[in-house]
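Input: structures, listed below.
Presented sequentially are two complexes of chain A, the first with chain B as partner and the second with chain C.
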Partner chain A sequence: MTWPAIRTILDGAVVTAALAAVSILLSLPLGLLVALLRWRRVPVVSGLLATFVSVVRATPFVTLVLFVYFILPSAGLELNPVPAAILALTLNTAAFSSEIWRSALQTFPLDQREAAMAFGMSEAGTFTRIVFPQIWRANLGPLVSEVTILLKCTPAVAVIGVVEITRAASRVGAETYEPLPPFLVATLIYTALIAAIVRGQRVVERRIARRFGSVSP
Partner chain B sequence: MNGLLVVWESRDVFLLGAANTVSLVLGCLLFSIPLGILGAVVLMEASAPLRRLLAELIDLLRCVPFLLLAYVVYYGLPELGLRLDSWWAGLLSLTIYTTAYLAEIFRSAFFAVAKDNIEAAHAFGLSRSLLYRRIILPQVAITAAPMIGNQVITTIRDSALLMIITVQELTFAANFVSANHFTPFAPFAAAVGLYLLMSFVVEEGVRRMERVRKVRYG
Partner chain C sequence: MAENAPAISVRGVCKDFGGFEVLRDIDLDIATGTTTCILGPSGSGKSTLLRCLNWLEEPSVGSIRIDGKPIGRTGEGKAAKPMDRRELAAARTRIAMVFQHFALWPHLTVLGNVTEAPVHVLGRPRREAEEEGRAILARVGLAEKADMYPHTLSGGQKQRVAISRALAMTPRVILFDEPTSALDPEMVGEVLGVIRELAREGLTMVIVTHEMSFARDVADTIVFMEGGCIREVATPHDFFTAPRSDRAKGFLFRS
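So, the complex of A and B:
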């Protein structure tokens, strides 16, 4: 493979990383919001969200990407591939991460919440000061797994024409008539990205363990 | 309404797509469940170097996006002199990928089998193969059912990516119908409905196993 070909794939890697970063920043808080609304049993809304979560969890990500990309224009929104890709990634990861947040909320010790209530803390204060700092630390592992799953989903957005790693690799393959080497390089980049995230998780976990004692499972 | 009519008229395409998805997933499980069990046994029993090699290989596979593995298998096999059509290349890549995850699931389920069970089996002089067949695997099948169910749903989801290497599965069918009739909503909604149906079937299977577990182990 020539240097420009490798450059093309590396440019794709920047797009993949940016897509993943934006979607993570949008989807993890959105997942938390979904979990909170379902946990509080807000009428109607929590039922709709439950349906949303089970539909997204059963739908393959490529199908979701195509769905979002082809449906939104018929609803009057002209959509470019990149926003469509971010929207699909965000919906997908919000649905999956909301289940992690929800089980964390459900298993949160009741006595701590009662103690906060006895001290006259407001509900919002209890959440931001007591509940949230503990649940994100305790669920760092599953949440980071969700992030690596999101990265592993990103090749699917190549179908709607976003030039990320996979699409860049298949372009190089089409130009050189040798598809295998670019895909091997692409695989290597994905592996490196995902391994870096998992390594980052270990570092953060060790810091948390040092500051707060061991992390509950 | 028009969209529904389009879906009904091209029901053959959808049924063929769904049949391809189901047959790919079932074919994959047929191979990857035994291979996953074998992998887990190797991870538990084999000598240290072999164990480490397999663990590294499984970790590596779990870092690779499925689509990339499918591409590498699809384009790599001809280089090795093996020409498979896209369905078989899809089945092969799905099997390799799912086996890595199942081996990990089975290994953690093996660990969860109570130690006294295994010690009692040793005390009764059970051979290693009897220990696995009579004591460990039946318990693992029941306790790991939810995780295996999740993995089956993941495999169904992954199988949709095979449309990109031109396997004519369900998402391929939806995309084909929507492109030919310029009505995106109904074809994709029909595909999503069929995927939901498949995952309900898997979840129902897991629920049945849960019931067995409750009856046997309380």
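So, the complex of A and C:
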């Protein structure tokens, strides 16, 4: 493989990593917000969010990308491919992660919340000081697994013309008539990215275990 | 008004859960500086009454005052309005609670559990709260556990941390909801010992318990409940030697 070919794939890797990073930073908090609103049973909003989650969970990701890019403009939201890709990834992971957050909120020990109430903590204080520090730690595994799924969804955004790793690799393959080397490189890059994420998870988990003896509360 | 007001006064409190009456027309005054033990068979409504005192359960009707100041609702009778959340939270800071299953916050150290509400609810300076927290932990014999996490402690130690957490609020009243029921028998003593010490110091405490000999020993007043009603309010001596109601007699003979 030539250097320019490798460069093409590496550029794709930067796009993939950037798409994934931005979408992770947006979607996990958004998923938490969705979960909180549904958990608090905010009238109307809660029902709308339940529908949103069901629809997104049932929609193949490629379809969701096409929807965001081609259908939303008719609703007045015209996006360039990269923002459209970020929006699609964010909506997808927000919907899936909101279910993780929601079950964490539902199973959070009632007595700890009651203790917070009995000591005069506000609801916001109880959430930020008591609930959240425990639920993110306890659900690190499932959340990271959502993140790796997000990363593996990124090739789907090629359908709207975003050149990420897989798209770059197939271009190189098409030009050189040798698909194997570029796809091997692509696979290596995906593996490295996922390994970095999982490694990060291990480090955090080990730190939690050192402090608390176990990961779950 | 606050000067001579009882630490807690309960007037006409009823509570029903979906049509089932758990508390019926409860009136009760708890004098400042006294220890009150609430006794009664399970299902008699004693824990529900205790949880009404800090509004963890909302009475269907009736009013509760802490040191003369209302909690949960302001105004009387028909004009009573629910407090907003901030008022309720502020009212709760004057009345601390110790739970049956400790309800410690596992992600905080022992000292963190003790200082959490003083710092983040009462707004005390952290250093001051920590100093005080360590002093309280020393008082319950847990000075060396301050920087440990709750999961490393025994049940008896956890409950002593929970008591420290309550003391750190310098509350007007501490409520105990069956503080020894979740403990192994050999740990009951250490927790009761701490409570006994607090009674001697003149803290105002309301304790729901099944520990008869402890109640007899430590209480200034025994409140006996049955079927959602207070059947008897008496000194321990009178209650245990000459219970007036047949139901109390039945209860004492059974246990």
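In the analysis below, the second predicted complex is superposed on the first by the 216 of 217 C-alpha atoms of A that agree within 3 Å, B and C clash if a C-alpha of one lies under 4 Å from a C-alpha of the other, contacts with A are read in each partner's own complex, and residues count from 1 in each chain.
Here is the rule we use: a residue touches a chain if its C-beta (ideal position, glycine included) is under 8 Å from a C-beta of that chain, and two chains touch if they have at least 3 such contacts.
Given the structure is predicted, the values throughout are model-derived calculations rather than measurements.
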Contacts for A:Q112 in the overlay, against chain B (first) and chain C (second): which applies, first, second, both or neither?
second
Who does A:A186 touch here: chain B (first), chain C (second), both, or neither?
first
Could you tell me if A:G120 is touching chain B, chain C, both of them or neither one (first, second, both, neither)?
second
Which chain, chain B or chain C, ends up touching more residues of chain A in the combined arrangement?
B
After lining up the shared chain so the two structures overlap, which partner does A:W101 touch, if you call chain B first and chain C second: first, second, both or neither?
neither
First (chain B), second (chain C), both or neither: which does A:F212 touch?
second
Looking at the overlay, what does A:R137 touch: chain B (first), chain C (second), both, or neither?
second
Set of chain A residues, in rising order, touched by both chain B and chain C
none
Please name which positions on chain A make contact with chain B in the complex.
54-55, 57-63, 66-67, 70-71, 74, 148, 151-156, 158-159, 166, 169-170, 173, 179-180, 183-184, 186-187, 190-191, 194-195
With touch defined as at the start, can you tell me which chain A residues reach chain C in the complex?
109, 111-112, 114-123, 125, 129-130, 133-134, 137, 211-214, 217
Quick check: in the complex, which residue numbers of chain C touch chain A?
54, 56, 85-86, 89-93, 95-97, 99, 101, 103-107, 116-117, 120-122, 149, 151-152, 165, 169
In their shared complex, at which residues does chain B touch chain A?
60, 63-69, 71-72, 75-76, 79, 153, 156-161, 163-164, 170-171, 174-175, 178, 184-185, 188, 191-192, 195-196, 198-200
